[in-house]
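The two complexes that follow have chain A in common; it is paired with chain B in the first and with chain C in the second.
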Partner chain A sequence: MGELQFLTWVRGSGLNLALTIFVVGVLWRLIEIYGLGRKKDLSASRSTPGASGWATILRRSLPPPGMLPASPVSYIGGYVFHVGLAVVVFLFAPHIALLTSIAGVVWPALPSQVVDFVTVVTMAAMIAVLVDRLFKPVKRFLSTFGDWFTWTLTFLPLLTGWLAVHHLLLPYTLMLAVHILSVELLLVFLPFTKLFHAFTVFGSRWFNGAVNGHKGVPV
Partner chain B sequence: MDLLEYRATRTKTVGEALEQHGIDRRDFLKLCAAMATLLALPASAAEQLAVALAKARRPSVIWLSFQECTGCTESLTRSHSPSLESLIFDMISLDYHHTLQAASGEAAEAAREAAMKENAGKYLVAVDGSVPMGNPGYSTIAGVANIDVLRETAKDAAAILAVGTCAAYGGLPAAQPNPTGAVAISELIKDKPVVNIPGCPPIPTVITGVIAHYLAFGALPELDALGRPKAFYGETIHDRCYRRPFYDQGKFAETFDDEGARRGWCLFKLGCKGPVTYNACATMKWNGGVSFPIQSGHGCIGCSEPNFWDAGGFYEALSMPAHPLKVGAAAAAAGVAAGAAVTFFNRKKKGAAKAGHETTTLEDLER
Partner chain C sequence: MSASLDKGVRVLKEMIDAPIASYFSSCVHCGICAEACLFYTETGDPKYTPIHKLEPMRRIYQQEYTLLGRLAKMVGLSKSVTDEELAEWQELVYNSCTLCGRCSAVCPVGNDIVYMVRKMREGMSAAGHAPEGIKGAVTRTINIGSPMGVKLPAVKAQMKHIEADTGIAIPLDQEGVEYMVTLSSMEIINFPEYLGAIAKVMRHVGRTWTLSSEAFEATNAGMQIGNSDLARVIVSRVVAGAEKLKVKTVISPECGHAYTALRWEGANLIGRPFTFKVQHIVETLEEFRAAGLLKLEGMETDRLSFHDPCQLARRGGVIQPQRNLMKMVAKDFVEMPDAGYMNWCCGGGGGASSIEEGEELRLEAFKRKKRQLDAVKPDRLVTACANCRIVLEEGLEHYKMNLPVVGLTETIAEHIPDPE
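Take a look at the complex of A and B:
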């Protein structure tokens, strides 16, 4: 298979396959998780569980008191790479063009140079959290294959996309194909790994907050 | 032209042939300087090239046309004259070419056989068009299948030039579903050097350049992994495109007649395949250096790349799906079904656990 054929495959059959697995996986997992249900709590609610749920969504997005100085890399690195990732994925002109072609939605893009800078910062933050995970004994002890795997799945699209834009390492045709393939891998594994938190994070936070609120510990 | 006259013209050197056609030394040196530039040789090489070329014997060239559209020949002959492309006919002795030769029928085939016999081991074979391997009857010359003509002619050749994307990579005839089983020349001829000069059609100057290199240096130019001369196919159109600054600034024409198109912005969004196409159009240009597709407002279609015909729509940007996506209701339905099935199973498990739950009584605790 030549370079152009490879690119055509990832833009065609490969993309179809990856998106199909993604759609199947996301719906399956969402229905599975929300379908689990909870036993009905017959006690009277002690405070407003709904409000507590929303408060928890917000509060858990902020470092608990004293934790920021204790674990700066996790918090700052975490913020930077999550925000950076969102900017790169959703505000880069070619990505918006792709979403427009698939879903018909359109919004303004950031200048390429800005996205380029954000990409570098995002990659640096991801490397920082990886190094932190490698060298902090506790973090390392707690890490499983899933952690290393999902880090790699997230990092590869950033790296290959950046290399493709700058025409580095491999011929552009091949690098663009590798970039698209890396995104397809991410799509395929996202529903079945901890990356699924992209869909569940706020729901689970709200749920925890609501349960605690019901019990009288609004947090 | 009888056989004697034919032999006389063919044994001439390039210098003599040029002189006979009224091309003076100044023009010839100009040609050599241009050739040296084309072949990415240092300027000083022009003089050496001139000496070598003038002395070189005009090689016999047999041109075979298989499943093709004659566009490659048109490209070579419809160039403005005098030009490098027209001068090439003084550098070679084109002994057989369907479209250009006056002879026909048996006389034409006799010319080919005579040229092969006289120059065994030294003649060049230029091929345009792919060879149908599905059924030899799909394309024949004088009743002989293309594959047989190719094998017979290539047997004593010095080298083969696969001119055009069809000969180089199968091209349009090999596009899905490839009804004739078309294949590239390099897949059939393994024991001779094959130079691929892809393009639909290739830039005439590139065809000329390869032949000039062979004449002057007695060897074929350096080739890349796809068998193309590196001197001409070393960079992408995008690498040398004059619209590149707009690409870098993110300024794209969205339609063929919007403000961006009028201002000459990048054609990436309109499907330009320049970033993945290795060819020299952006530097050598067409029609005597007048223009090239991107300059006239149309994106590159990638015609010199293998399988360009099947590489998604010409007007789809490279970052877009190659074909309309087929993920739809079926995937959503499958996802919902899988979720529902797992949920049903989970609930059943939960129900069973609840039913099987033993209540602890006061007696149990006091025991």
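Take a look at the complex of A and C:
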């Protein structure tokens, strides 16, 4: 398979396959998880302003008082790479063009120099959280193959995209194809790894907030 | 697989619901829960990371409720939970967890970790892997009526003492009164001043109340060990007592987990809503205060601080009332760092204080409380949980800190003027 054929495959059948696995996988996992249901709480509820599932979905995006100094790399590195990923994925002109071709939606892009800078910062933040995982005893202790694997899955699209834009390491066509393939791998594995927190984080925060909201505890 | 392991695994499987599935699917191994857990912060041992305490349950979730997990189990890629593993986890699920809920309060993805530990204990106790100390407390509660083996005659003897001391009659089994007051064994044996304080408060505010000869004990070791069947038997006594006496409100004593057992778990354990209201005594006192019924005199002049029982504050939503009450009687009231919602546990909640082999770890974890106290140096510490009180006293003695610990109800009652 030549470079061009490879690119054509990842842009065509490869992308379709990845998107299908992603969509079916996400739906399957959501049903598998939330289909389990939960028992109705029969105790008398007490309502307090700010205590609810919805409030918790928002509130948990901020570190509780005193927690930031306890795990600064997780918090700051976490913010930087999550926001960075969102910027790079959704505000880079070629990505918007792709989404426009798939879904017909369109929105303004950031200048490519800005996206380039954000990409570098995002990769740096990801390296920082990786180093933290390697050296912070609790994180090291909790880490499994899945943690290293999903880090790699998330990092590769950033790295290959950046290399492709800068025409580094491999010929552009090949690097672009590798970049798209790395995104497809991310899509395929997302529903079945801890990356699925991208979806369940909302459900988890809501459940926690709802249980506590019932008790009148703003968590 | 042994019969008890088989049962334990089956129970764990039954415990898993949508929230637990969502929580396990959301965990990103960030380890922030460890920073909120006093057993980790004071020992530095990563095995005390809260989410790790649930590892056997997580594997059962994965193997039983996810497609990939089921496939992996079929082809032998994932290992089943073993009896040895659960035995090893006993220390993590009981000795080093007081169900304080700080982990649930900080998890960035929103996992209610202590909700899962509570459910995990159901499987652990079914598999026979619960500490002897809590097992004993459950057996005594079921057979005798209270975890410390207290029987009605002991309560009656205390009633007599208090009647002699205060000159107030303690009502027993009176039908149709407003409040049924319940106690913890600890209050009957170690802190009888609590019942005396209640008598004074009730006379002062002019409300009717009673004790019940069938339902004087409010604590629930069945809930602590994680056995809903036994927890139901225990809570049913209070329900039967309250319904027989047709009271409007049952007052949970100065005890954290008794409040959780009655207020939040009770109706779910018996499978129907209660026909009466449940209040922690702090809530009742706050109601009296807000209605202007508490006409207190004099102020404490020494420096007082308040230790929030986890089940009352973080897990129960009662945070401001105790502060309002403290300010009625304390001139110099100081808050410890993290007081209120994020207060640090005494280290002995959730049944942990009855685990003999957990004492060393408990005292190690107490260093957190010590730091909190050292930061504000109170002359006396007030709390609203008899178990916290005992655990605090043990810790303070161990670290040679001279700090009396008192109950909030008695502190309030001391400022009630004598009737004319």
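In this text, the second predicted complex is superposed on the first by the 214 of 219 C-alpha atoms of A that agree within 3 Å, B and C clash if a C-alpha of one lies under 4 Å from a C-alpha of the other, contacts with A are read in each partner's own complex, and residues count from 1 in each chain.
Here is the rule we go by: a contact is a pair of C-beta atoms (placed from the backbone, for glycine too) under 8 Å apart; a residue touches a chain by one contact, two chains touch by 3 or more.
Keep in mind that this is a model prediction, so the values were computed, not measured.
Of the two partner chains placed by superposition, only chain C is touched by A:194; chain B is not. With both structures placed on the common chain, the touch criterion links A:216 to chain C but leaves chain B unconnected.
In the superposition on chain A, contact is made by A:37 with both chain B and chain C. Residue contacts after overlaying the shared chain place A:64 against chain C, while chain B stays out of touching range. Judged by the touch definition given at the top, the superposed model places A:104 against neither chain B nor chain C. When the two complexes are overlaid on their common chain A, residue A:29 makes contact with chain B and with chain C alike. Chain A is touched at more residues by one of its partners, and among chain B and chain C that partner is C.
By the touch criterion stated above, A:144 is placed in contact with chain C alone, chain B being left untouched. In the three-chain superposition model, chain A touches both chain B and chain C at residues 28-29, 32, 35-37. Only residues 28-29, 32-39, 41-44, 46, 48, 51, 56-57, 60-61, 63-67, 70-71, 74, 78, 133, 136-144, 147, 192, 194, 196-197, 200-201, 203-209, 211-212, 215-219 of chain A touch chain C when the two sit together in their complex. Interface residues of chain C, counted against chain A in their complex, comprise 16-23, 25-32, 34-36, 40, 44, 46-47, 49, 51-52, 65-68, 104-112, 115, 263-268, 271-274, 277-278, 314-317, 337-338, 341-342. Interface residues of chain A facing chain B in the complex, by the touch rule stated above, are 2-5, 7-8, 11-12, 15-16, 19-20, 23-32, 35-37, 93-94, 97-98, 101-102, 109, 111-112, 167, 171-173, 176. Across the interface of their complex, chain A is touched by residues 226, 236, 238-239, 248-250, 252, 269, 275-276, 302, 305-308, 310-312, 317-323, 325-327, 331-332, 334-336, 338-340, 342-343, 346-347, 350 of chain B.
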